[in-house]
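Note that subunit A is present in both complexes that follow, paired respectively with subunit B and with subunit C.
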Partner chain A sequence: MESTVKSNLKAWLYLLPALLFLGAFMVYPLIDVFIYSFEEGYNSASQTSFGTGIYNYSYVLHDPYFLQALKNTLILVAITVPVSTILSLLISLGLNRISKLKELFQTIYFLPYVTNTLAVGLVFMILFKKTAYTDGMINFLITAFGGKSVDFIEGPYWAKMMVLCIYTVWIVMPFKVLVLTSSLASVNPIYYSAARVDGTSNTRIFFRITLPMISPMIFYLVITGFIGAFKAYSDAVALFGTNLNVAEMNTIVGYVYDMLYGDSGGYPSYASAAAIILFSIVLTITVINLLVRNRGVVKG
Partner chain B sequence: MKVVLKNLTKRFPSRDKNHPEDVIAVNNFDFTIEDGKLVGLLGPSGCGKSTTLNLISGLEKPTAGQIFFGEDDVTKLPPENRGIGLVFQNYALYPHLTVRQNILFPLQNLKGKDKMSKPDMEKAALEAAKLVQIDSLMARKPSELSGGQQQRVAIARALVKMPRVLLLDEPLSNLDARLRLQTREEIRRIQKETGITTIFVTHDQEEAMSICDELVVMKDGVIHQIGAPQSVYDDPKNLFVAMFLGTPQINVFDGVVKAGKLYIGEEAVLDVEGVRDGSVSVGIRPEGFKHDENGAFTLKLERIEVMGRDISVIAHHDKCRQADIRAIISSESNIDLGKGTVSFNLNPRKVFVFDDRTDERLF
Partner chain C sequence: MDTAHEYEKIEKSAKIKKVIGDSITYILLALWGFIVLFPFYWMVLTSFKSYASYNGEYIPKFYVSNPTFQNYVSAFTTVSLGRYLLNTALFTVITTVVMLIVTTFAAYAFARLQFKGKNIVFVLFLALMMIPNELVVITNFVTITNLDMRNSFPGLILPSVASVFYIYLLKENFEAIPDNLYYAAKVDGTSDFKYLFKVMVPIARPTIVTIVILKVIECWNSYVWPRLITDDPRFYLVSNGIQEIRENGFGRENIPAMMAAVVVISLPLIVLFLVFRRTVMSGVSRGGTKG
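== the complex of A and B ==
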């Protein structure tokens, strides 16, 4: 009995540095944000507030800028997560089939992952932006095929949203391709031999053997993809600059940032409320994902 | 279904830069497997037996030669059109499907005129499951089954389409010793019940001897002997076959033939009429020794092991190529342990004489 207490104590002692660190830099700020979100009119300079309540949430949920950011984020998530996952799967299947130049293509597909977001943003600007001197590469192509040029960076909402989605898909795909290529390669080829002997069609092999076997990895990518897309911010900045509210391209994280440090900032209570709302959305989606996963995915 | 291999050859390109010549995994195979037989391809690892099986299944394409199932030339047919059932060494059961779904899988692939109705498929799957006695496990996943049960599921999946030929790749190698005995009886029973021509690959001679109608002994891509297990054991064509079959292994000595007599060391141990004079290799099966105080062949006694029914005598001789000589004699024999030597007469049917250069059998 005594020895278990002793060894427990020892274990806690070993854990102490990590616990202190996590407590100070993760748990405490989380609780703090939660408290801020219920303190009305909190002033970080005087550290005072008028009282507690749900006014911050009410304000944020009625703020047209927040609603715009929420809409943008949801569109971004709904489009980029499925599109990037399916595209990565197709690319990985292709990569898995070829033997020549496989390494070269793998490297090319992985390059965006190691490229700086802002540098990529710059490239996208060159492709899409209209200036006094040029309409940009994409518009050049559109007009070459007889279409009308569009201002993708400062033009209509759908055009800007499209650029943001393409940009996001392009940025998140390399990691997914990497994960899926290796998980496809880890499927034991004996299953394919067995399926071949039984005369299984390629479509059936894909849907009945390959897909179930890599489904744990796909679910991992979908869950992290959702979380990543909900946290999008730097992508929008890279394309449309820091004044996202004016560009109608703000995201929830962008809204939180603006509330804290933006030109109209200095409202930690509103920022906290927006952050908590984002947190509850992500939590809900992740829980739903896990529930679906536990019902449908192969284990072991 | 009769299976005929004609001049079948498979070469693989060499990966070793110092030896750029092709590796010949299967060299000019020519043999016929009669309808309804259980045939074992037996040999040490790397002898080309699995390649032979893959050629018959169609997973590998031969470099030269032909394969016939009955009168049909299947050499150019893909595996799915050959009408074969294949059981893989590690069973290759789909882990995310239940036993029932695994067995149904090949049937669901059928197209066109072969397409079966759902109830027919279920019926066929249940029949196959009953044959291998796993019909009570249909709802389980492979991970919830023992190795022996997984093996049965794999056999059921291979049999459900009623293949013309059943192929088994090292079917028992992933099972423990007790299950192995049980499963090999099981394979024999299933094969007898279905009457499907069955070819299996093994490196375990005991396994092959116990269930096969016919053995194909191979080494380095070459067939060394084909025949019924007992006849191959009793009448090996060369030293390799003699040494590969039988446990304990055959004892091999350096001998000399002089005027129709076989000498091992100084002693003339056996009459070998008609064998040319000169040095030879001599193989003596452990059961070929008959204990006799005045026997012709004297060995240095090391120890004896009593195994109930038999006694295993472990001895040495300068001319023996192995470290220990093992003789198995009846437990009624009285061996004087104090003497240091033990003498035997030899049973001529258990002694084989081989050419010392070509290893071909002389006597």
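== the complex of A and C ==
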């Protein structure tokens, strides 16, 4: 009896550091964020509030800055998730066809993963930016092909959105190419041999064998891609600076942080409400994805 | 005769098709390689251009006529890039070490020890994996502010030392180690503590290396939390430093100097990656997405 008590105690001791840290910085905040979000007129200086209710949510949902951030995030998700998934699939298929130089290509493609988002974002900024001295590299290319130069960093909305999407795709590609390439390589070659013997066309092989075999991985990438894109923030900061509301380029996460801290900060209640709205969106998409996936598996 | 001829023709056309297909594949792959590498090329190139020559180029040049190291000198003298690098290195090392200790102990408890409530605690742990950082950062910001730990290393480090995902990863790995080893060690009178560090940790080394790599990348690039918790440049990490340089760094729009700073910040992780290429890539494919 005594030994079980002792071994119980020992186990909890081993767990203690993790429990303490997770309790203080994850479980408690998780409860707290819901409380914050329902406390109306919370004042962080006097730590008092007027009462409880859903005013914070209604404020956030009517705030033009939030709506702008929501719109930006949705556009970003709608463009970058399909583009990066399809592009990475094409690249992985290409990588799987070749043997010479494969490792070199894989190494190069992985580089954006290990770079600092903020630092390399500056490079994208100067490539796209138009200043008094120069139109910048990209505009030089555009005019060389007979187009009209645009200021991608401080110019029209669509141009800014385009840079943000391009940079986001550039950043998320390494992970997708990495996992899709290994997933493609793990398809048993016997299926391909069998199909060849039957004289199946390449297109048919792709849609009937390759795609179904790697579809779980594609689903996984789409879900993580959705979640990642919904949480976009530092890429936007890298390109447009910290004052994203003025640049009309804020994201939902950016809105949360702006409400919390900085020139427009000091409103943890609004920040909490916005964070919970974001979390609900992400959760809904994850659940829908899982449902669709399960149905697909049962059918297939 | 005729059929042999036909066969040859078919084989030849298949071969030509393959050559054409391969060439197109290589061209497209090289094109994407070019897109990936171009920003790196541009930042290195620009970092060697002098301020005057950069601003004199209305049409940007793809080469440097008079390379200069002046930008690297200004990156370390005009702004405190050295301090940012040191802060980040310190932050990365301490966070990773503490995280590793916390993770190892917790994973061991779940994988090897028997205790009441183990299953329910583990399920609760797994549920925590779903919680995005954005949701808890608000309260953590308030907590750290109330504890008066803003602009300090404990404030930067403490919230990111416990990771449910890494505990899970290591626990799975620990569980794959045969029980017999444990019982044999127990018979020999080895303590749990000793067994953990003499037997389990060495066996699970690949997983531990994976965790370390992922954590180091995460720490080196972390931006949001350090930005919330530091407003004193003495505690800036590189991400915040580069943002500071961008917004009011060199007193004027000195893009070549900015690019020199970007090169210096990017280099450590790129070198690390090129040295441990295979380990990093297999670690990342096991360990999940960026961020």
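The working rule: the second predicted complex is superposed on the first by the 275 of 300 C-alpha atoms of A that agree within 3 Å, B and C clash if a C-alpha of one lies under 4 Å from a C-alpha of the other, contacts with A are read in each partner's own complex, and residues count from 1 in each chain.
Rule of thumb we're sticking to: contacts are C-beta pairs under 8 Å (C-beta built on N, C-alpha and C of every residue); 3 or more make two chains touch, one makes a residue touch a chain.
On a predicted model such as this, the values are computed, not experimentally measured, just so you know.
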{"item": "Fit or clash between subunit C and subunit B when superposed on subunit A", "value": "fit"}
{"item": "Subunit B versus subunit C as contact partner of A:Tyr14, first or second or both or neither", "value": "second"}
{"item": "Partner chain(s) touched by A:Ile171 [first = subunit B, second = subunit C, both, neither]", "value": "second"}
{"item": "Larger contact residue set on subunit A - subunit B or subunit C", "value": "C"}
{"item": "Which of subunit B and subunit C A:Met213 touches, first, second, both or neither", "value": "first"}
{"item": "Which superposed partner A:Lys6 touches (first subunit B, second subunit C, both, neither)", "value": "neither"}
{"item": "First (subunit B), second (subunit C), both or neither touched by A:Val197", "value": "first"}
{"item": "Minimum Cα separation, subunit C to subunit B, after superposition on A (Å)", "value": "5"}
{"item": "Subunit B/subunit C common contact set on subunit A", "value": "none"}
{"item": "Residue ranges of subunit A in contact with subunit C within the complex", "value": "7-8, 10-12, 14-19, 21-22, 24-30, 32-33, 36, 44, 90-91, 94-95, 97-98, 101, 105-120, 122-124, 126-127, 131, 133-137, 140, 170-173, 175, 178-179, 182, 224, 227-228, 231, 233-234, 237, 241-242, 253, 256-257, 260-261, 268, 271-272, 275-276, 278-279, 282-283"}
{"item": "Subunit B partner contacts - residues on subunit A that touch it in the complex", "value": "188, 190-191, 193-201, 204, 208-209, 212-213, 298, 300"}
{"item": "Interface residues, subunit B side, partner subunit A - complex", "value": "57-59, 78-81, 84-86, 88, 90, 92, 94-97, 105-106, 108-110, 143, 157, 161"}
{"item": "Subunit A-facing residues of subunit C, complex", "value": "21-22, 25-26, 28-29, 32-33, 35-37, 39-40, 42-43, 46, 54-60, 101-103, 105-106, 108-110, 113-116, 118, 121, 125, 128, 130-132, 134-143, 158-159, 161-162, 164, 167, 192, 217, 220-221, 223-224, 227-228, 238-239, 242-243, 246-247, 253, 255, 258-259, 261-262, 265-266, 269-270, 272-274, 277, 280-281, 284-285, 288-291"}
